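Here the structure is laid out as structure tokens; the discussion comes afterwards.
By written order: A, B, C and D. Residues from 1 in each chain.
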Amino acid sequence: MHDELRKAVCDANIQLWRERLVIFSWGNVSGIDRSSGVVAIKPSGVAYEALTPDKIVLLDPDGNIIEGPLKPSSDTPTHLELYRNFKSVGGICHTHSPNATMWAQACREIPCFGTTHADYYYGPVPVTEVMTKEQIESDYELNTGRVIVRRFAGLDPMEVPGVLVANHGPFAWGRDAAAAVESTMVLEQVAATALGTITINPEQGPISEALLDKHYLRKHGKNAYYGQRSPGEQ
Amino acid sequence: MHDELRKAVCDANIQLWRERLVIFSWGNVSGIDRSSGVVAIKPSGVAYEALTPDKIVLLDPDGNIIEGPLKPSSDTPTHLELYRNFKSVGGICHTHSPNATMWAQACREIPCFGTTHADYYYGPVPVTEVMTKEQIESDYELNTGRVIVRRFAGLDPMEVPGVLVANHGPFAWGRDAAAAVESTMVLEQVAATALGTITINPEQGPISEALLDKHYLRKHGKNAYYGQRSPGEQ
Amino acid sequence: MHDELRKAVCDANIQLWRERLVIFSWGNVSGIDRSSGVVAIKPSGVAYEALTPDKIVLLDPDGNIIEGPLKPSSDTPTHLELYRNFKSVGGICHTHSPNATMWAQACREIPCFGTTHADYYYGPVPVTEVMTKEQIESDYELNTGRVIVRRFAGLDPMEVPGVLVANHGPFAWGRDAAAAVESTMVLEQVAATALGTITINPEQGPISEALLDKHYLRKHGKNAYYGQRSPGEQ
Amino acid sequence: MHDELRKAVCDANIQLWRERLVIFSWGNVSGIDRSSGVVAIKPSGVAYEALTPDKIVLLDPDGNIIEGPLKPSSDTPTHLELYRNFKSVGGICHTHSPNATMWAQACREIPCFGTTHADYYYGPVPVTEVMTKEQIESDYELNTGRVIVRRFAGLDPMEVPGVLVANHGPFAWGRDAAAAVESTMVLEQVAATALGTITINPEQGPISEALLDKHYLRKHGKNAYYGQRSPGEQ
């Protein structure tokens, strides 16, 4: 049941580790089957080397475990809150990748300093508010999802496929689990490059709206012409 | 037809990925056969792992696809503009390699801080002007080539084999596709080292003309004595 | 005799090298068998590639070599002093890993800037006092242990499983040799991320007590719910 | 003839490349046989992958090629000048390793910020004067050796086994070719760590004389007790 989803989520988790975006068990990827509402997610605290599709935890739309002896990632309530609110998202990835975490810990959004960023994120990578004592002390992981959702008021999560949780690290997403890992890898490189940019020129501002539009829209949307698609093909 | 050129361009693209100068499909190398004017370039959005010589796109001197089903890199008009204007260039490479991109995003040229730089770049690595809304909104990739060409007024592109496009990243080149990758690798290391240099000493100025001449000219030109060449041999 | 301990200590030393936390012979891991008081430690100046369990040095509770021709690490008196004072510690690791060493050399504690840190270290990573001429000139390695112990007055070494020795580098520990390496790897990543954080935002302060409690206690102690443990299970 | 020396020098050059201290042909290691005065050195501009002992160039004490068709490294006159003046040196290594080059380009000596440094370099890593136009324009490589030698007035090159040539990069050395590579690797790590240290604490001063003495002398000289040597054994 949901074998394909489990395999895709397992592969995406292992890729995180292969790309050295995580050490130990510091990250988790999930995917959702929108037709049934079933979510597949990494089990908590299990090493990537030991991960196989049968260890991936399946959850029903209410977050209950469908089968298997393993507990899901402790960040599961964050993932579920994002799936409930970001209807076009099919996969979510959370890491503590070093460069994105530097910005998250500094509680600073990443300005769009260049076309690498603009190719994937249609504007700055936002940072959430700092969570309050109340938000932390009860339903912490659910509230983490809520502060992300609140930060995205007025933003399209498919145009800005990731966020920095203040004092914590990145969550990123996409149309499926593999795309969520891709958004994470891009964010990590964008974060590293932006840090160098402000070191060289602390006064550097973001690129122009025209350049942001050009790069984002040549890869995304109905007039995209990057890659092997025909115009209009997504 | 043009099998050697296709193989050389394919190998150069794969080397970019092996040297970890690119992730995903973030870069492209081309080469030109000056006798026929035919340009070979990476197809758009194709993964390096999947690249084979038969997938390399061949273009006639007017930029039309000669054969094959794949679309060329979306940056093709930039490459063609450079080939039209830089007559001694035989290969061009574009990446978003992190350290060079930091400087490009900071809109700062890289001063010649040392002999590593002077061995390959005869002066600072220039940065283009920031492109205007008009340059971006129509013929963007062609205009990217034009701002590079304009920046090289008074410069010999074989003496300064690369540039930083402001808000974007590096283009570098050489006598063929492999040399273009070499210019890119050097630029990446020079950019990293220069960032460290200004962190240690923000007031550091460039090396003397005498040292720049010494290092550049011991490797290049008619009196070169580096390597296994005889003096006068290029 | 003590074959398991020797193998565990050998494996932990080799892991240090595989994870690139050490070059040459710049690090050492030890483990203790609390029932007998026997300590196993890396021999001094031996390359990791050449390390086998039979080369691990066994010491009795007074620090005398039990058997074998090799001398123990020159840092042995530091390890022994820590075992004498930190009764719940079962393994200790010393390295000159670059990022932790940067902070140690800067004589600065690492503030708890984020949840990655809070998951493993329940507060800032402390730095010792600078050692005096007298402490250095006689019984240097023993006195290194003493300044660490003094710095931990009022701290639980199992809650803060590592320290920066000023002008020197990190010592980290855990319930056994493998856990000591884990504490070292975490410290190295925490140090790297913290450096980026203060570069982006020099005014950044530590996370709230509530967030520190939440993350540390969801992984440690009687109400932990991270991983595959049941609540109350350690 | 001199087969062992040739093999040792070849191995040391290849190690430079394996340790990623060089790319392309950006570095060279030499060794000397003090009984005959014969120097073995890397050929100029030859790739490390292609290096074999028979390609290593042998030079007589006057710097003339003894046999073989290849030209020696263009930096040979620097090596020879150092061998003439530093009588206890048996191997020399030159690279453009990134972190050491950052300091060389910044024209700053590396203060002794910690015990990692003190274990190998008995004081700051010195930087040469900036070379004059006259020194550059004739006998440049020989003059590079001369500014190094001048900088070492009052210093023992076996206690400070390396230097930063201003605007250029490091030269390091030791009792043989392998030791010269070791001095280079240490210098690269020391340079990286020192850069982090001044970023965290720009006011950080060097360690005390007592700590410098302790660490340097526990590894070097007649009272050394690090490693598997007996006291008095070198």
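Going forward, a contact is a pair of C-beta atoms (placed from the backbone, for glycine too) under 8 Å apart; a residue touches a chain by one contact, two chains touch by 3 or more.
Since we're looking at a predicted model, the values are computed, not measured.
Asks: Can you tell me the least number of steps between chain A and chain C, where a step is a move to a chain it touches?
Replies: 1
Asks: Go ahead and note the Å separation of the Cα centroids belonging to chain A and chain D.
Replies: Here chain A and chain D have centroids separated by 46 Å.
Asks: Could you tell me the distance, in whole angstrom, between the mean C-alpha positions of chain A and chain B?
Replies: Taking the average C-alpha coordinate of chain A and of chain B, the gap between them is 33 Å.
Asks: So which stretches of chain A touch two or more other chains?
Replies: Where chain A meets two or more other chains at a single residue, that happens at 198-199.
Asks: For each chain, which other chains does it touch, given as pairs?
Replies: Touch list across chains, by label: A-B, A-C, B-D, C-D.
Asks: Flag every residue of chain C that touches chain A in the complex, lowest number first.
Replies: 113-116, 182, 185-186, 189, 192-194, 196-201, 204, 207-208, 210-211, 214, 218, 225-228
Asks: Touching chain A in the complex: which residues of chain B?
Replies: Touching chain A: residues 23-26, 43-46, 70-71, 74, 96, 98-99, 101-108, 130-131, 133, 136-137, 140, 167-169, 195, 198-199 of chain B.
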